[in-house]
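Have a look at this one before I ask anything.
Order as written gives the chain letters A, B and C; numbering starts at 1 within each chain.
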Amino acid sequence: MSWIDLLDLLQSVFDGVMFGTTYALIGIGFTLIFGVMHKINLSYAAASIGAAYLSLLVVQIVPTPLVYLCAALLGGVLGALVYLVCFRFLPLNQPLATLMSTVGMLLLLEEAIVHATAGMPQNYPAVFAGVVFDIGPFMVRGDLLFVFALGCLAMVGLKLMLEKTRLGLATRAVAQQSVAAQLCGMSVSNTNATTFVIAGFLGGTAGAMTGAAIGVLSPLLTLPMTVKGLVVTVIGGLGSIPGAIIAGLVVGGVENLFQFLRGVSERDIYVMLMLFAFLVFRPGGLFAAPGGRD
Amino acid sequence: MLELRHVSRHFGGVKAVDGLDMQVHQGEILGLIGPNGSGKSTTVNLISGLYAPTSGSVVFQGEDISHLPTHLRAQRGIARTFQNIRLFSQLSVWQNLWAARVERGTGWSGWKSRWLASADQGRELAEQILEFSGLQGKRDVLAGNLAFGEQRRLELARAAISGAPLLLLDEPAAGMNATEIDELDQRIRALRDQGRTVVLIEHHMELVMGVCDRVVVLNFGRKIAEGAPQQVQDDPQVRAAYLGADDNDELMNAALAA
Amino acid sequence: MDFYIGLLQVIGVHSLLGLSAWCVLHTGQVSLAQGGFFAIGAYGAGMLTTMLGWPLGWALLMAAVLAGGIAVAVGFPALRVKGLMLVVATTAFAEIVRLVFFNLSWKVQTPEGLIGPDGGLGFGGIRYFQANAWSNLHVLWLIWGLVAVVMALLWSLDRTRIGTLWRAVGEDEVAAQSAGINLTAAKVSAFGIGGAIAGLAGGLFSHNTTHIEHGNFTILLATFAIAYPILGGLKSLAGTLVAVVFIQGVLIEGLRFLGDWRSLLFGALILLVMLVRPTGVLGAPLRLPFVGRRDEPTSSAIPVERTHHA
């Protein structure tokens, strides 16, 4: 491979890693929910994209960064809704039932999006869209950089919340030992609901960021996002937030690497094979966190 | 029959079992006691195969089974019950028993009896042991619908039906009343009369002292005493482990007198 | 009339898909891979009849054997993990299969022209039924005949020791292995049999629709596959059939007059069924969703001393 090609490859990977923060956020969301409820919420990515769609309602009214904030907030609302409908009233010892209910929710959300937009992709505003920095032979896209920065901000915010606030303490307590947490006066269902809301914030941000990085929102995004999010969660280790972060960045970079080497249509095959290899050789993921989360 | 040679099991920094040497002789009823957290359940898991030892070896009937998977140990002849009842609650009583019956045939007929045997055969096989465990008439009841005492009996029957020469009973008396404990005592003796060996983990001292030939006491993952029940009961170290190593003789004597 | 025959054909194929998932779900494994085996059977049988001129019976048998064999091969590594990880592993496998077929381009010259899978354009011209003058009714009988055979097979398996062992493994793996049950053998056998059934279904599907492409075999199909036994109730084979008839027949085809709204309703309906009948329509007796204990303990992995509660 010539020097130019190598540079292009590195550029590709670099861009991928920055975009990987969206995967990291979705992965964190899946892992958070799994940590407290030991259940999978398959509708999570759909809700995140849905929140981004809803934030389009205010696009004409407020400046773009606030649109992202709006998406995050709406993500939280959707998160609470999903908890209420899919988890609150279902018996906890029927994991298949909750799995199916989230599948139902996923279908519902996706169809709702298709209905509302008549299936047409919608433009999503980006910040610093045309801006490009040059660092040596590499180009750094301004909009991707913003996405990356926003992602990091969200992760830092999450970490602070989990470690410094009472709410965060409750979330971690319920995740590790729900019976004892109840005995200490914590309401498990309230904590679960709040975890869904927090995961929703992250998801809404991720949805907004995906839209910003790609430039459009489309209902076709939901299924791939769900799959990638699950892949990230598993590679990072179920229940581990640092794992999800690193795995997200890795998957983002690797994805672009394979795309550069083998083209778009084959790229995902290799990402999936990588996942398989992980499951065979290191089923715990990068940071297996049995029971606990941090 | 069974030997634990300097077995250790560590979980990260915690030494659940630390250099344990233990022997179980053919045909005896061995009690395994110790305060909570002393490593009893871990020891049972090491024997039955749910854990592999961090160091040391587990030898059964002359064979080193330290790293043998659980189901193969069960097929070789080690059966167990669980502290928290783990029955197949959505299966009926006879299905629970049938599932645990270890078919030792080889070749095609052995394979056939393991996988393709019909339900009727299963029911017949189960009948044999239903009477032993006092569950006659409950053959078709779902295990989850049984009363607590009946569930305990089913657990014991499920362990016994495999024909295993070594039975590990993990706190079988927990939650039982006096009558049920007497029956349990009878059943354990009956098992020994069949030629089996029993390792009994228990907190219920009367049962242990009454039915066991020998007792091993654990504390902090180590063996601190071993011998005949009365001998162990009088051992000052054992008392210290259970009641606290205070030099407060008055308190100890008062508690023991109660 | 033709419309109803076509509908019944689709219901038949999906029933086989549901039955294949029933098998796997019985051992407690949630697998989203059935779509992948379906695809292998579809492309495999299609390629055998059109490109190699095989008769249908042999092609279908080969499709089932191939899918079943791959299921066993994939099952050994994949079934070492449980729960969510297995869901993801099987999803990954199904996606790999779909993408492989998306990229597969291989044609041979036949008297009817160039035939074979063509990457993203799919695989067309699977005209075995047409070429051999099968009527719609004949195809219908074939499909439902196979459904009956598979159901009889699974029903008898359920009554032998395999069925009991599968259920025991599905209930409590720790107790099962402590009772001498070989977990891997049980799980892989269920996975393999399920894969073979899905492969058979796929072979029927590709010949029924004459044109298949990668978009037919997405994760969505896999969720349908597990939805049927879950919604129908894992206890009974009939439940799966009922669920297929209901979902395919009533919802998707019967609500055509609702136009685009029916897909929305589908999602809402799944939610509703899960709320009211969490063990499935033909599962346990009816329970009200807002009444009664919710916090029932689930079994922990490995027994520990009482002081360390899970």
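Note that contacts are C-beta pairs under 8 Å (C-beta built on N, C-alpha and C of every residue); 3 or more make two chains touch, one makes a residue touch a chain.
Predicted model only: the values in this text are computed from it and were never measured.
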Chain pair showing more contacts of the two, A-C and B-C: A-C
Central chain (distance from its CA mean to the mean of all protein CA atoms): C
Length of the line joining the C-alpha centres of subunit A and subunit B, rounded to whole Å: 47
For subunit A paired with subunit C, centre-to-centre distance based on mean C-alpha positions, whole Å: 29
For subunit B paired with subunit C, centre-to-centre distance based on mean C-alpha positions, whole Å: 41
Residues of subunit C that touch subunit B when the two form their complex: 159-162, 164-165, 167-168, 171-172, 174-183, 299, 302-308
Sites on subunit A touched by subunit C in the complex: 34, 38, 40, 85-86, 89-101, 103-112, 114-115, 177, 179, 188, 223, 226-227, 230-231, 233-234, 238, 265-266, 268-269, 272-273, 275-276, 279-280, 283
Contacting residues of subunit B [partner subunit C, same complex]: 36-42, 45, 48-51, 69-71, 74-75, 79-80, 82-84, 86-91, 95-96, 98-100, 102, 113-119, 122, 158-159, 162, 170
Complex contacts: residues of subunit C adjacent to subunit A: 25, 30, 77-78, 80-81, 83-85, 87-89, 91-93, 95-96, 99-100, 102-103, 119-120, 218-220, 223, 226-227, 230-231, 234, 260-261, 263-264, 266-271, 273-275, 278-279, 289-290, 294-298, 309
